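What follows is a set of structures for review.
What follows is chain A paired twice: with chain B in the first complex and chain C in the second.
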Partner chain A sequence: MSIVTVQLGQCGNQIGFEVFDALFSDSHCPQGLCSKRENEAYQASCKERFFSEEENGVPIARAVLVDMEPKVINQTLSKAAHSGRWKYDQHSCFCQKQGSGNNWAYGYSVHGPRHKESIMDLIQKEVEKCDSLSGFFIIMSMAGGTGSGLGAFVTQNLQDQYSNSLKMNQIIWPYGTGEVIVQNYNSILTLSHLYRSSDALLVHENDAIHKICAKLMNIKQISFRDINQVLAHQLGSVFQPTYSGEGSWHYRRNPLGDLMENLVPHPEFKMLGVGNIPQMSENSLAYSTFTWAGLLKRLRQMLISNAKMEEGIDWQVRPPLSGLPTLSKMSTNKEFHFNTSIANLVILRGKDVHSADVGAFKDPALYTSWLEPVHAFSVWKTQRAFSKYEKSAALVSNSQFLVKPLDVTVGKAWNMFASKAYIHQYTKFGIEEEDFLDSFTLLEQVIASYCNL
Partner chain B sequence: MTQSVVVQVGQCGNQIGCCFWDLALREHAAVNQKAVYDEAISSFFRNVDTRVADGGGDISRGKICSLKARAVLIDMEEGVVNEILQGPLRDVFDSKQLITDISGSGNNWAVGHKVFGSLYQEEILEKLRKSAEHCDCLQCFFIIHSMGGGTGSGLGTFLLKVLEDEFPEVYRFVTSVYPSGEDDVITSPYNSILAMKELNEHADCVLPIDNQSLFDIISKLNLMVNSGKLGTAIKPKSLVTSSAGAFKKRQEKPFDAMNNIVANLLLNLTSSARFEGSLNMDLNEISMNLVPFPQLHYLVSSLTPLYTLADVNIPPRRLDQMFSDAFSKDHQLIQADPKHSLYLACALMVRGNVQISDLRRNIERLKPSLQFVSWNQEGWKTSLCSVPPVGHSHSLLALANNTCVKPTFIELKARFMRLYKKKAHLHHYLQIEGMEESCFTEAMASLSTLIEEYNQLDATKCMPTEDVPRLSVAI
Partner chain C sequence: MGRRRRCRVGPEDATRALPEAIAALSRTLPVGPSPEIFRRAKFDCPEAAPALWRLLFRVLSPGPADGASASLSLEAQARWVKSALHSQGYPSRALAQLPDNGSQGSRQLLLALAWLLARGPLLEQLLAQGRVRLGDEMPVCECEALANPGPPAPGVEEVSGVDVRHLQWLMGKLRFRWRNLMASQQEQCALLGQIHLYTRGCHSNRSLGHLSVTETELLRDPEGGRQLLQRLESENARLEAALEWRRRQLVFWRWMDTVLGACPPEATFLPRIHEPGARALEPVARELHALREQLRGAVEARRAAGAAGAGDRRPEWSAARRALRQAVGQDLAALQRAWERGGGLTQPHGPHRLVRMEAGAPRGPGLRAPEVIEALRTQEAHLEAVLRRLQGQCRRELARLARALPGLIWIPPPGR
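This part shows the complex of A and B:
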């Protein structure tokens, strides 16, 4: 089954390019560490999911590119075309001239309705190219105007028009110290709207990925390109084909469906995070070897201590001992709090993957009490290695990891809202104070729900 | 891609405008080596086949035929505009986009605003409409003028109302040169205060500049260069301040170096909208992020670095110096000290080979020494444009919405009161039809209200920040 990707705004389009590039490079990587037949099945599966075929054999990404000003899309199209290995369909682009001015209201209330037909038409055309549709992957940032506002509008329309298909939104959480001054307003409006119309929100934080670039990849002058490539690597390790367990060369057919089934048992809890291990620069890779035991131990500790990378993990954090009365409900101010999960999915790729022991992830202490670990935890093992890493592990987790950042963002937005600063820029385009209050209410609810796990 | 139209009014406005067009041509020539008319150039220039009569013949793509500036030149005396039209830039201006008169406004806001305003209203509208028609998607009007005289101040602000009524969706960015202390025009306080009221009510964003600051910057630069302190790494005639090596040679006039700084300001302001980068910033984002309340739309600007450097790969220390300088009071384009006042919002627009990590490192470094208003503690807007300005490898434009503009306004008010109390020169204004004393009192009130708003914000400076209690939800 195929996934149709919708790339929105500068961020969405820049990331989208890196994602398709990473997927393509990996699927054509010669060091698959598996048999030729397996490799071919892997490539075919990857292709079915993400690319369609053109007459001269150049794969075309199954994507719709949307932006309200032309510069980034032009750049993205030409970067892909120049690579000579894959490209975008030039007709699957929608562009305007003026941009959204970092204004969520403008993206949602002006651009949305104005361009709804054109954009949905383009998506429809991509859908028709698929033999069968697994669902939509929407890449957007929360801080700006197009990705956030128009992204929320498009997701809502996808829900109306394709109610049987799944939608996963890849959201970029902006740096804590502003990229955009009104980013907190834009973020809360986006999150509250997506919470109602999306099936799952896959969140990546710029701050976290920045640290990975600095500490693990040792990049001196970090550019957005570096950040996007790390992100693309993480997404690739999640979305590339995995064995379905019904015997070799059978890869899972419904990537989005499988992810949702395992990770989103309850619509109140939709926020997913990704971590992976190992992550390092190509130079270091040649000199490193790993054991599954070592990787999994670190990955587990990353989960429970809410660490985004394998360096600087806090080993003091331990799961609460079972049998004892539960500790007082998690306060967002506590220092050594333990990251409770609702559901986890571990994806292992590479050499000797079947010998990897994931027992430690099945510990009931890791999870909230209303799900049995057998339902809360799944593991997918695939022999074929990912992107030159002899062994790699990815963790997709529905846990409390986002509570603190969300709480901070809501807090800042609330303070600003109390002073009424910038509100006139939103009411100008039809987003009233009521709408803000609705968003705040919904998000406080989400925070409370996650805190009470 | 959007287009912008520059409206230059009065002697000051036109002289600055002239520098701007010269630098803009040079910048695009440096970036666009193949002389193809692309979207970046079209933001400020039309591509015209001059053989076609009557201002038609716009060519939308392909080779550059003849570039015409998207500009309207207005002056109520002919000297300055004539000089421009006889000078090296004459081909850049469409001769039909001019409005001139002979007698001038006599440094009288009322003459500029009321007399010439009503006299030329139709013609102004017609020229503006024409320039808008030539645009595919007009986003912004840039108005350049001075506050102290008669034409720039009076007619320039009359224009704002016309633009607001006729093109309500198009942004109005005003670059205003405020009179400095030793201004030789006696009535400049009257003109400035009367103009301020219009700026308060009809401008989207105002970039105040004052001559004293520009002069100080030039002096400091000359001192640095002449003392040989900077060594061989620094070329003496910086492209920022001088027109040496400019596209078309102009005679260096006394204000040229100062005007060049302002011209660079406008170029850098629009660079991220015209050229590509990893974090673009369009003009509508400036207003969105930097104007938290409609009346507080005065932005203090600073440009760094001011000298060209010989080496291309700047070691981080020099790069960091660029960021530090942007916040020093010596680099601001008005007499202001943002570090010791309260920030409402701040934008950093970087050009050249600078990446997000450099930006973040410097924000982290400088943040502790700056005071932000309680509800906008992380009020930073940033942009990265990959194309550096001509002759530099990188540059930074900082725009601050900061209470440090207050002293300028308070000073202006004081100078106004000194004149007004004695009713000095008032009759020159009151004898113009449509002018009454209430015009003056209303203008004063408007300014006082603005100053009071800044006062209230300043009062919050030393108060401990208290978080507003959050909504509590039942689980």
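This part shows the complex of A and C:
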């Protein structure tokens, strides 16, 4: 089944390009560590999901590119075409001549309705190219102007028009010390709108990825391209094909559906985080060997201590002892920053993957009391190595990892709102104070739900 | 096959006739036990019980046997058989009283099997269920699935005090599975369409015109062809056994009379109310009778009042009644229409073979897709209207409850 990607704004388009590039490069990587037949099946599965075929054989990404100014889209199109390996469809692009000045309300209330028909038409054309549609993958920033406001509008329309299809939004959490003054307003408006119309929110924090680039990849001058490539690597390790079950040798047909069924069935808990191990520069890769036991142990500690990378993990954090009543469990959590999970999905790729033991992830202490590990934990595997890593493991987690950043953002936005700072920029274009209050209510509810695990 | 039975049945024939009849029955049934089991069951031997529990489970489950049902423990199967027989109206208490571990009661089970056989076209239904299907089939109605909910999933337990979040989780999971199922079905349809398109003109039967998936696999893979042949041969064997059973069954029924006779007198088939239960029901029966009298009195009074006083009101009153009756009649007719399959559809229920036709080709027997789609759309619209009405009722009720509690802030959930 196929996934249609919608790339919104500068952020969405740049990341989208890196994602398709990572997926393509991996599927054509010669060091797959598996048989030729296996490799072909893997390639075919990846291709069906993300690319469509053209007569001269160059795969075309199943994507719609949207931005309010032409510069980034043109760059993206030419970068893809230039590589000669895959490209975008020239006609699946929508752009205008003017930007929207980081104004969420303008993106949502003006750009959205004005260009709704054209954008939805483009998406419809992409959907018709698919034999069968698994769902939509929408890449956007949370706090920018075009990406966030327009993205919220487009997601809402996808919900109306394709109510039975799945929708996953990949959102970029801005730097804590961001440049846009109203980024907190934009963030809460985006999040609350997406929470209503999307099925899952896959959140990547700029701060976290920046650290990965600095510490693990040893990049001195970190550009957005480096950040986007790390992000694309993480997404690729989640979405590339995996076997459909224990002992099966066929690739899963609907990864988006299976992922959502396992991780986000509860309507109040939709926020997902991705972690990946190992992550390092290509030079170091040649000198490293890994064991599954070592990788999984570090991944588990990353989960419970809410670490975003495998260096500097806090090994002091331990799961609470079972048998303690719930009240003390909560206070212990607060003291030692233990990250309680609702559900986890571990994806293993590479050599001897069937011997990897994931028992440590089935510990009930990791999870909330109302969901047992048998329901909360799933594992996907494939022998085929990902992107030259002999062994790699990814973790998609629905847990408390985002509660603190969310709480901080909501707090800051509320402080600004209390003094009505900059509100006129929004009310000018139809976002009233009521809408802000609704957003605050929804997000406070989400924070409370996650805290009460 | 052409031989007639002799009118005089010799003693050797007589002793052979019963085991042969039972053997024919057993070959027709899925997981049929041996004639020896039947004989032991007449004498209520415990070792015959498990095989008969399993047979009844298999016979009563709707749909083909799958791994999940087969892996249920004997105890779970026994419990389910009891509840299934009860819901079908089986009148014996003795069977309901058998222990769940499946170790006893072979005679009762034999009687239950005979009851099922005598009651309805059981063997025909089982044979139809297990048919080898060569075409790509699709159901056009939900009747069978709705009528027989089937055995419980293994591993379902009674748990007290469940967190509501767990239930919400399960509900959400169910919704996602439904959406994924729909996506899979769309994918299957797209692929079927492609196969039917590519194999145009390959079928020897002109009215079909193209191959089905099974037939295509038959051509591509000789091993699959051999397996299909085996399945067809075993189905033939079952059909022949069914015909043989039809010829011989009289002997079986006479024997079943003796089985019934062998039952002890307590295991009677008349439904009897438990003594303590009867005592408890007495006051209830009295109250019911009193209420009935009251109602009768009230109705008479109103009728009298209505007939007596309302001379001048009568025209509008009866006009109002007529209008009401008309509205109700229209509602019922609409309901009926929405549930019947769109007027012109009189085809039988159950799965139909999919055949792709060229535009303008002469119409063959069977349903046309647009008609079925139309009928389903009507049903869907009707169900959606009912759903919206019920949702509105729920919302109003919740709002009413929220208003009743002072100081309560009502926050609706996000999204739909």
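Assume the second predicted complex is superposed on the first by the 439 of 453 C-alpha atoms of A that agree within 3 Å, B and C clash if a C-alpha of one lies under 4 Å from a C-alpha of the other, contacts with A are read in each partner's own complex, and residues count from 1 in each chain.
Simple rule for what comes next: contacts are C-beta pairs under 8 Å (C-beta built on N, C-alpha and C of every residue); 3 or more make two chains touch, one makes a residue touch a chain.
All figures in this text were calculated on a predicted structure; none of them were measured in a lab.
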Touching partner for A:Ser197 - first (chain B), second (chain C), both, neither: second
Which superposed partner A:Thr441 touches (first chain B, second chain C, both, neither): both
Partner chain(s) touched by A:Ser369 [first = chain B, second = chain C, both, neither]: second
Which of chain B and chain C A:Gly257 touches, first, second, both or neither: second
Which of chain B and chain C A:Thr242 touches, first, second, both or neither: neither
Partner chain in contact with A:Met1 - chain B first, chain C second, else both or neither: second
Which superposed partner A:Ser109 touches (first chain B, second chain C, both, neither): neither
Which superposed partner A:Ser392 touches (first chain B, second chain C, both, neither): neither
Shared contact residues on chain A - chain B and chain C: 441, 445
Complex contacts: residues of chain A adjacent to chain C: 1, 131-135, 164-166, 192, 195-197, 253-254, 257-258, 260-261, 264-268, 369-371, 375, 441-442, 445
Footprint of chain B on chain A - complex, ascending: 10, 14, 69-72, 75, 97-99, 101-103, 145, 175-182, 210, 213-214, 219-225, 227, 410-412, 414-416, 418-422, 424-425, 440-441, 444-445, 448-449, 452
Residues of chain B defined as touching chain A within the complex: 1-2, 39, 136-137, 139, 276, 278-280, 282, 284-285, 287-294, 344-345, 355-358, 360, 363-364, 367, 374-382, 384, 467-468, 470-473, 475
Residue ranges of chain C in contact with chain A within the complex: 163, 165-166, 168-173, 175-177, 179-180, 182-184, 186-187, 190-191, 411, 413-415
